[in-house]
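Going in written order, the chains are labelled A, B and C, and every chain counts its residues from 1.
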Amino acid sequence: MKTQNNKAWLMVVPVLLLVALSAIIPLMTVVNYSVQDTFGNNEFFWVGTEWFQEILQSERFHNALLRTLLFSGLILAIEIPLGIAIALAMPRGGVWVSVCLVLMALPLLIPWNVVGTIWQVFGRVDIGLLGHGLASVGIDYNYTQNTFDAWATLIIMDVWHWTSLVVLLCYSGLVAIPEVFYQAARIDGASRWSVFRYIQLPKIKRVLLIAVLLRFMDSFMIYTEPFVVTGGGPGNATTFLSIDLVQMAVGQFDLGPAAAMSLIYFLVILLLCWVFYTVMTSHDNETHEGVHRAGGRP
Amino acid sequence: MLELQQVSHKIAGETYIDNISLKLERGALTVLLGPTLAGKTSLMRLMAGLDKPDSGDILFDHKSVLGVPVQKRNIAMVYQQFINYPTLTVYDNIASPLVVVGVKREEIGRRVAEIATLLQLTPLLQRKPAALSGGQQQRVALARALIKRADLVLLDEPLANLDYKLREELRAELPRLFAHMGAVLVYATTEPTEALILGGNTVCMHAGRAVEVGPTMDLYRRPAGLLAARLFSDPPLNTVAVTGSAGNFSFHQALPAFRLGHNVSLSGDFTFSVRPHNLQTEKPASNAIALPATVAVTELSGSESYVHFDFCGQAWVALLHGIREFARDEQVQFWVQPEHVMLFDANQQRIALAAN
Amino acid sequence: MACIELQQIAHRYPALPGEASAYAVQPLSQVWQDGGAYALLGPSGCGKTTLLNIISGLLRASAGRVLFDGVDVTGLSTERRNIAQVFQFPVVYDTLSVADNLAFPLRNRGLKSAEIETRVATVLQLLGLEHMARVQARSLNADDKQKISLGRGLVRTDVNAILFDEPLTVIDPHLKWKLRTELKKIHQQFGHTMIYVTHDQTEALTFAERVIVMYEGAVVQIGTPQELFEKPAHTFVGKFIGSPGMNVLPCATDAGNLLLAGKVIGKLPYSASGAGQLELGIRPEYVSLVATAAGNPDSLPAVIAAVEDNGKHFVVRASINDLPISAIVREGTVIPESPRIMLDPAKINLYRNSHLVNA
């Protein structure tokens, strides 16, 4: 099958070129910036790891990183259990399935900045339905001034926007479980919790891993929504790494430190994804039965 | 002719096919017989070109086909699952391989009619697969595979998902169908009975190896090794250790010694084995060997009885004609004629006995 | 253990639009004796699994009542019926070890851990799984997974019945023999009420004391393996059981004689008067080949189409006046040059409109 392989390579060459142009070359530019300094006039000086040291030691970076980690942590802690719970509650057959699926898919169709704008308006104390409503029942809610309110708004917004993704993934995993497993569980007298713990959870583990990784990466890189709603405030309360980075690069035009920070940011995400993946697949001593039994019994 | 030369295949470091060399002629049926995970499906995937072997060569009509992609080889495959196009009628399903290669409409009509008659599908041609029974669906899949006039037809346990009776019917039809084809036919099964009914040649497979190859009946009656004898026995082969001293054999001290054939004068440790249907409860001949047994359980299947018993600490089974009920722990004397005994040496190789 | 009684049980699945709903199980009353070994035998789609699920409560029958030891359990859930059931495809709890899988149904019922340990150890030994007690169930092959499924049924000693739904489908032929015998031994030893659903006649006949043959939602015959073999109540049973199945040939009667292909082949043992198509049924086991008519006045000349050797005996495919007939003869039998076929007169059954006449 040598000829076939060669042909296959030819077919992917355009994609490789595209990836090279769109990802690798910009990345190399960033690497290039991160080890140099400039005083304008297109003159660059080699500074080695200076920017990296500066970033890693700066309190501003530490705070932004902690904020981002906390945000992602909260998002995962809410969206994953909530997503599973909703998926479990969804019907498995009949007309209601399509209704539920469409409802679930709706928030996913809205662009990020629109979501931000919706919530920005929705939460305003003067004209927003939510903000005004809360104010009128005597709750002192103001996301532009109160740190807790700002965080709550961003988290509720993200939960509203993205829990559906977790739901849909889990639901696809759940409907793939053969009915006979539930029958066996009834025969064995298993409780609802046991059914979840020993049948449903193990069977949806793989899709759940995808859900966790996607939600982690997305929430860790969140930019548009806090930019639109809170602009990183009040103070620096919602200045996540991404917002901090843009402020540094675009606002202050500190290209060197911003480049170094981008790379560190990138490595942190890579590292954490690897950790999630390893932890969630650590008990997966799956045999190659699947491969071997291709065409075997269902 | 399909030829495999020292083919080996590994997946993730695990050996799936271990150095198999085979020659399969056109117009002949080759049965791959072995338990699940013996490597039957893996071998078929290599033959089809779905996988590439790690070492060795695969030749078709003396030319290596390793570089030829599957879609360029003229291959048909039937799987255990009934795979048909759900939205097409039976007629269109069967015709599909011909439509793809652009055969003329009249020609298609003629060939579909021909194969449909052969597989008794004529009244069903306008139905959709969902409206067919499992047996009918598998007939459609078979028809689609056979109409192609492929050079190589691979059948991977095609009857395994069918009801016992349907399986029996199709099994009887298959050799008749295959007889007309000039293709290399390969048929994988876990059931020795199926191999015997299909005839042709058999490859006994175990743990990725081709243990023995030969004409099906010869392999069944005169296997070279104990492993093939076991694989090719349903109900399972009965075995027990015996010691020989200059042609006098004994199971153990308490039982009388016996002889096997006239010129057998062997000494040492051997494995004595008998197929279940060769055991009897009446002494058939003066030289028959006595096997005192303790009955464990009796199963009746209408015309036959399977008596499971303990002989010298081994679990044995006898297949007797008629209804023969024995109580648990009942002492029964079984007999076997020396010509029905298969004797294997310490290396598990069969020793030819003069009597057989 | 319990005696299970079905009173006028019937079931229909909801109809598809535009179709009349057919019975999956036609009205049926049946008593399953305490400690009996039963088999439900029939082709796929005959309603046997539906009936099994009605007994275990996984399915609520659309009509009729289910009684365990005289107590109505029709409305009770599966959990409360205390039934064990083994399915066609292995069900294991992936993340649990083999031993924990076996302990699972016991823990759910709140047994003491010492008790659980003893029972699990017994079943592990029974199924030869001791060496893999601590292995995670997901990593096992299909054979061992199915053993665990069986084990989860056997570990519960107090169940009302153990139901098997084609449990040996995914098992290799050699292990099939072993497990089937094992089940039979377990039945003899512990005396559970066992109901075994299968399409495989060998499994049904060898396992059960009484076999219930089903066809298109109805019970066609209930009997011991021997009765089903010797006296099939319907030609369907005759053909379905036995390999090859019973020969069914159109025949006629004339003044107390039985005629096949226009020739007298023997006396009629009983009156077979009445209207409708008359057929005789004879098992291939009771058909023999003879070389001459001398000494065999009732033999008929036959043409042999094929002789199949299945390694145990020969199956002779022949025809008498174009009527196909199969015979089973001993291995090594020499097929005569101008063969004649003899039917054992004592083993002939007569059928009128497919139903046994001398029932």
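A few notes on this one:
Quick note on the criterion: a residue touches a chain if its C-beta (ideal position, glycine included) is under 8 Å from a C-beta of that chain, and two chains touch if they have at least 3 such contacts.
Note that the structure is a prediction, hence the values are computed from the model and not measured.
When chain centres are set by their Cα atoms, the one at the greatest distance from chain B is A. For the pairs A-C and B-C, the count of C-beta pairs in contact is higher at B-C.
The distance from the centre of chain A to the centre of chain B, each centre being the mean of the chain's C-alpha atoms, comes to 54 Å.
Per-chain CA centroids place chain A at a distance of 56 Å from chain C.
Mean C-alpha position of chain B lies 24 Å from that of chain C.
Under the contact definition stated at the top, the residues of chain A that touch 2 or more other chains are 297-298. Counting partners per residue, chain C has 141-142 as the residues that reach two or more other chains.
Multi-chain contact residues, meaning those touching two or more other chains, occur in chain B at positions 36-37. Every residue of chain A that touches chain C in the complex is listed here, in rising order: 178, 180-181, 183-184, 186-191, 194, 198-199, 202-203, 283, 285-287, 289, 297-298. If you check the complex, the residues on chain B that touch chain C are 35-37, 133-134, 163-166, 168, 172, 190-193, 196-197, 217, 220, 230, 234-236, 275, 277, 296-297, 299-303, 306, 308, 317, 319, 323, 328. The residues of chain C lying in touch with chain B in their complex are 43-45, 141-143, 172-174, 177-178, 180-181, 184-185, 188, 199-202, 205-207, 225-226, 228-230, 239-245, 283, 285, 308-313, 331. Within the complex formed with chain A, the residues of chain C that make contact are 56, 58, 77-79, 83-85, 87-89, 91, 93-96, 104-105, 108-109, 136, 138-139, 141-142, 149, 152-153, 170.
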